[in-house]
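Each of the next two complexes has chain A plus one other chain: chain B in the first, chain C in the second.
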Partner chain A sequence: MHKEEQKKPLLEVRGLKTSFFTYAGEVKAVDDVDFEVWPGEAVGIVGESGCGKSVTSLSIMRLIPKTGRITAGSILFNGVDLLKLSSREMQRIRGKEIAMIFQDPMTSLNPVLTIGYQLTESIRRHQRVSKREAREKAVEMLNLVGIPNPADRLSQYPHEFSGGMRQRVMIAMALSCNPKLLIADEPTTALDVTIQAQIIELLKDLRSRFSMSIILITHDLGVVAGLADRVVVMYGGKIVESGNIKDIYYRAKHPYTWGLLKSVPRLDAREKKRLVPITGQPPDLLEPPGGCAFNPRCRYAMRICLDRRPGFTDLGNGHKAACWLLHPEAPKRVLPVNEEEQPGHQGVG
Partner chain B sequence: MQVVPQLDFEPVTRKANPEKIIRPSTTYWQDAWRRLKKHRLAMAGLVIISFLLVTAAVGPVLSPYSYSDQSLMETNQPPSAKHWFGTDNLGRDLLTRVLYGARISLAIGFVTSLISLGIGVTYGAVAGFFGGRVDNVMMRIVDILYGLPFVLYVILLMVILEPGLKTIFIALGIVYWLNMARIVRGEILSLKEREFILAARVTGVGTGRIIWRHLVPNAMGPIIVTMTLVIPEAIFTEAFLSYLGLGVSAPVASWGVLASEGYQAIRSYPWQLFFPALFISVTMLAFNFLGDGLRDALDPRMRK
Partner chain C sequence: MLQAGNLVEVVDLKKWFRIRRGIGKSRVKYVRAVDGVTFNVRRGETLGLVGESGSGKTTVGRTVIRLYNPTEGRIFFEGRDISGLDEKELKPMRRKMQMIFQDPYASLNPRMTVSDIIAEPLEVHRLASPAERKDRIHELLKIVGLNPEHANRYPHEFSGGQRQRIGIARALAAEPSFIIADEPISALDVSIQAQVVNLLEELQEKLQLTYLFIAHDLAMVKHISNRVAVMYLGKIVEIAPSSELYQHPLHPYTLALLSAVPIADPEAEAARRRIILAGDIPSPIDPPAGCRFHTRCAKAMPQCRKHPPELKDAGSGHLVACHLYG
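And now, the complex of A and B:
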């Protein structure tokens, strides 16, 4: 949902380029990415492994590994360019303004510190409260994310929690300072399906309760459908399509998005259909293919795709895609995903 | 077919408040202690060490003799009811001297291991955490110090400072932190890449806090084991230095000094060598057993 009535986006990523400098040369993990997150909005970033989703989020946090560097662009958060802040100012933003949760709750909690210590640490770091108040806040947060007997649980260690419970603890930690933006990097990937659904429900609930924005990074289109308002599809370090959730699911225009949608089982498929994988491998970002990065795997690749990078075509309502098929003179293709689609269906995955 | 009473098919009535099914919380240390208790040799070591510590503390006080009282009427006495360990060539009670020596030797062991803890952990943690060039320079310094012959700079130190306990602390301290620094650096190097460190950074935790509160406690196992193994080494090194005449000076006696004095009379009065040597060996064994047991007990992968 495009929110014209609100004046300013919460987060504006403009022309972001992040590269890793390896012995083999420069790897452009994120290459000229633009997107924005409006207050209260949930944005899904979707793509295969290695397409630059996680690096984008770590760039926002300014925590990319040492071999990497942000080479260009700006990241405006509430109008302030995060890339220009000193590391001390950035530290104040992390956890307080922007929080993050990770893929694997098994390894994201320090095994030798109690849950209570880890929870109160970030509370006391960013808020001027006494130890007791921080403890009370921690109990309140654990209660909020649905952990029974929170007061007893505070003195326990991570190994005494199950995977789903640990992810809840991570969420409690992330939300304990009421951040304006939560970056969830594959929050459900390491969990089993029933727990996944619970965590997504929890995030949904907390999002409206705290009126925060969420960036949801995932390769699971089902998870995105459950939570996001808008979807950004990335491929080879670039955005290939973005738009609101209905446009992406029902009116996708980029062959890569089609491929993603075809490879996911859908509850609303009318007859039994085989899943169609996207053939081939994700591009080698050391030597990305010329032109459109997707061309080696694209069933519709044309000559122009091999040597010229497509620009974005605006499809209205904030929906845009970068594909030569959308050029007015290109041959018309029907979206293979939606051939038999009925509008109005929502159940995906 | 088995007959089941009809009543058994009644639906279960449940209590409104289900009881908690949380396993009682055991901390890392409780777990480690439980594992250590199963390790017989380590427990034997621990008992011997505690016994030594107690006797070193109260023994010289309870003894009717002082470590420096000479009695020229009773020189070189064999062990007897009056002098359990016999006397030395100046008629001093050997038991009192051995117990007093235990104070000196154990103090040397513990202080050295504390110094190595302080310097080694800080140095290793900084090198490991910052990595790259900082690590390279810091660890090359460690390599160079490793290469210097140890006796050489102890002698140089003795020349600069006056010989005595303090000098021995300094000399042993600057030798034994090297090992600790290497071990801590290695641990931190692998720990800092773990995801929970990234997670801590994401919540805005600063560098100092990450090193001291998040990384070092995770390396506590190897640190404690190294400390335990430094103690016997330091005791032995001190004995060796005393043997060379670089140890504490008379009338204060460490086990090393006693052994070196006893050695001179090994043919005629062997007990003068036997008792200090026995204490040195038993202590070394006890600490090594304990260190070995701790290594197993503190390894989180051994958790059952």
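And now, the complex of A and C:
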């Protein structure tokens, strides 16, 4: 947001590579990813299943399952490289400085412990408070996330809460230690659309109240449009485009970003247009295509796209994209998404 | 009662599931999954059925195709009442009504080859002689955009989108006139969803199919449907032509539902006013009396607590069940 005033990003991910080692071979789930999150900023990481968005967030939390390993890169949080911390030091950061909420509120709470126990446990783990103070704090947090009768609800078990309420409990738990960064991994995917709207409004409200940074991981471009300041688009373990929200939605330069935007119908569309799907299948990360990972599905693919991985082209204002079409020697192609945005071009053809 | 042009008519359909609760499971209760819905599907159209989880939309689909026996009410298919038919009488009807399921991972038998999966309806309904069968399977695979050479592969060798195409080929094998698609794209990745939706639209044109398209993705339902029915807690609250429903929604629930759908456009999102519903959908075991939505409705009046509103025409085929209108 205020990049000039606050010179240091809160989180800087540099050259991150995370691989899983399977019998079939190495799967490069995250392959050389760079991005940063500024204080108070909400960054959306968008992509389809298998693009590496969740593994990126688990790498930040250092919660990669045993078969995987972070093979290169650094993750600077407030200037400290999280990858160099001992697991003990990392535990102090996890939950207190960086908190995470997951997709499935049904399975991320312990079914045999009361909500109150689980909430006060996380509060007392990171803050030196008495049991009573922790309980008061727990009531305050449940109240904050909009759960009615919080004091009574503390003695109840997760099964007595609905899906939306459980996600609120998860958010209360995540926020109970005033984290500087909240990572929300598909926080509304398991919820109905009216409940999703409640949770998004809650996240927006809490973010402005606590000036917390948010990383929102999702496949839903609509959810990102309402919440994020900046968007990172991932494909096949790599970032293909990133920029502020308007550059991504209105001036997308990567054919994949364009494809994502065009393949979903809009609720406010006046007339029916045929959807423009992205042909083919997402890449097999065991045998990723050479060159640009998107080349088998890209209708603008050139010969160089098959051989060499494109570097980022800086498009100004923090907007960058990795596509050979942006190379000065590439043939000039106007992506249809940009064509429509230009007034005067409408109705032509 | 039957109007020309209607392929399916559903009249006051109810489906209650019996459950046992309490100590020794002594108390018998009913989940009123579908509690009196009336609608029709016109020949060649796509009727969208939307609602949140627990609204009963899937149960409607499964009861209409008689996978469930209706508790009450009638289902007419091509003018014939099929609500009381037994299995034997149903078999020829089943050929004309096919279903596409949500989960392409669970709805295909992992131990059968694609060719066997698609051949099954051909065998059951004796639609192709063994000699013709292979050609027909190849033809079906081509129709849904799969390589006929892959007929001898197993489902696990295919991606989610391709599996959904296999499910569609299986449904088409019986040469149906009516297809119920229950959340056919919600398990698929965004870029693949559009492929499958476009395929369904092409097939509808080519084979003159009629669809009941059940989904919770309102934008996609709007895109594919000619008319849309909105369900809440076992009842239809509103039915209208697709563009009419989205431009002039009448029922307070429809309004809230539409306002909750995120739009992939930051400026449009910033300009929107959301109607945030308080609380959760009540239990279908003890649904609220009167209008079922009154517990969450900002415009609820005293009569809404007592009398359930009926689905009435508010003009030009726009039906709404709400006391605010008439």
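Worth pointing out:
Note that the second predicted complex is superposed on the first by the 332 of 349 C-alpha atoms of A that agree within 3 Å, B and C clash if a C-alpha of one lies under 4 Å from a C-alpha of the other, contacts with A are read in each partner's own complex, and residues count from 1 in each chain.
Basically, a residue touches a chain if its C-beta (ideal position, glycine included) is under 8 Å from a C-beta of that chain, and two chains touch if they have at least 3 such contacts.
In this text the structure is predicted, and so the values were computed from the model without any measurement.
By the touch criterion stated above, A:Gly243 is placed in contact with neither chain B nor chain C.
In the superposed pair of complexes, A:Gly116 makes contact with neither chain B nor chain C. Once the two complexes are overlaid on the shared chain, A:Arg92 sits against chain B while remaining clear of chain C. By the touch criterion defined above, A:Pro283 lies against neither chain B nor chain C after alignment on the C-alpha atoms of chain A. Once the two complexes are overlaid on the shared chain, A:Asp104 sits against chain B while remaining clear of chain C. Once chain A of one complex is fitted onto chain A of the other, the partner contacts of A:Arg125 are limited to chain B, with no touch recorded for chain C.
Once the two complexes are laid over each other on the shared chain, residue contacts for A:Lys66 go to chain B alone; chain C is not touched.
Applying the stated contact rule after C-alpha superposition, one finds that A:Pro150 touches neither chain B nor chain C. Taking chain A as the reference chain, the count of touched residues is higher for C when chain B and chain C are set side by side.
Every residue of chain A that touches chain B in the complex is listed here, in rising order: 61, 63, 66, 91-96, 99-100, 102, 104, 107-113, 121-122, 125-126, 148-149, 152-153, 155-157, 159-160, 170, 173-174. Contact residues of chain C toward chain A in the complex are 52-53, 159, 161-162, 189-195, 197-198, 201, 216, 218-220, 222-223, 246, 256-270, 274, 276-277, 280-281. Note for the complex: chain A touches chain C at residues 48-49, 162, 164-165, 192-198, 200-201, 219-226, 245-246, 249, 259-261, 263-269, 272, 274-279, 281-282, 297. Within the complex formed with chain A, the residues of chain B that make contact are 20, 22-23, 25, 27-28, 131-132, 194-196, 198-206, 213-214, 217-218, 220, 300, 303.
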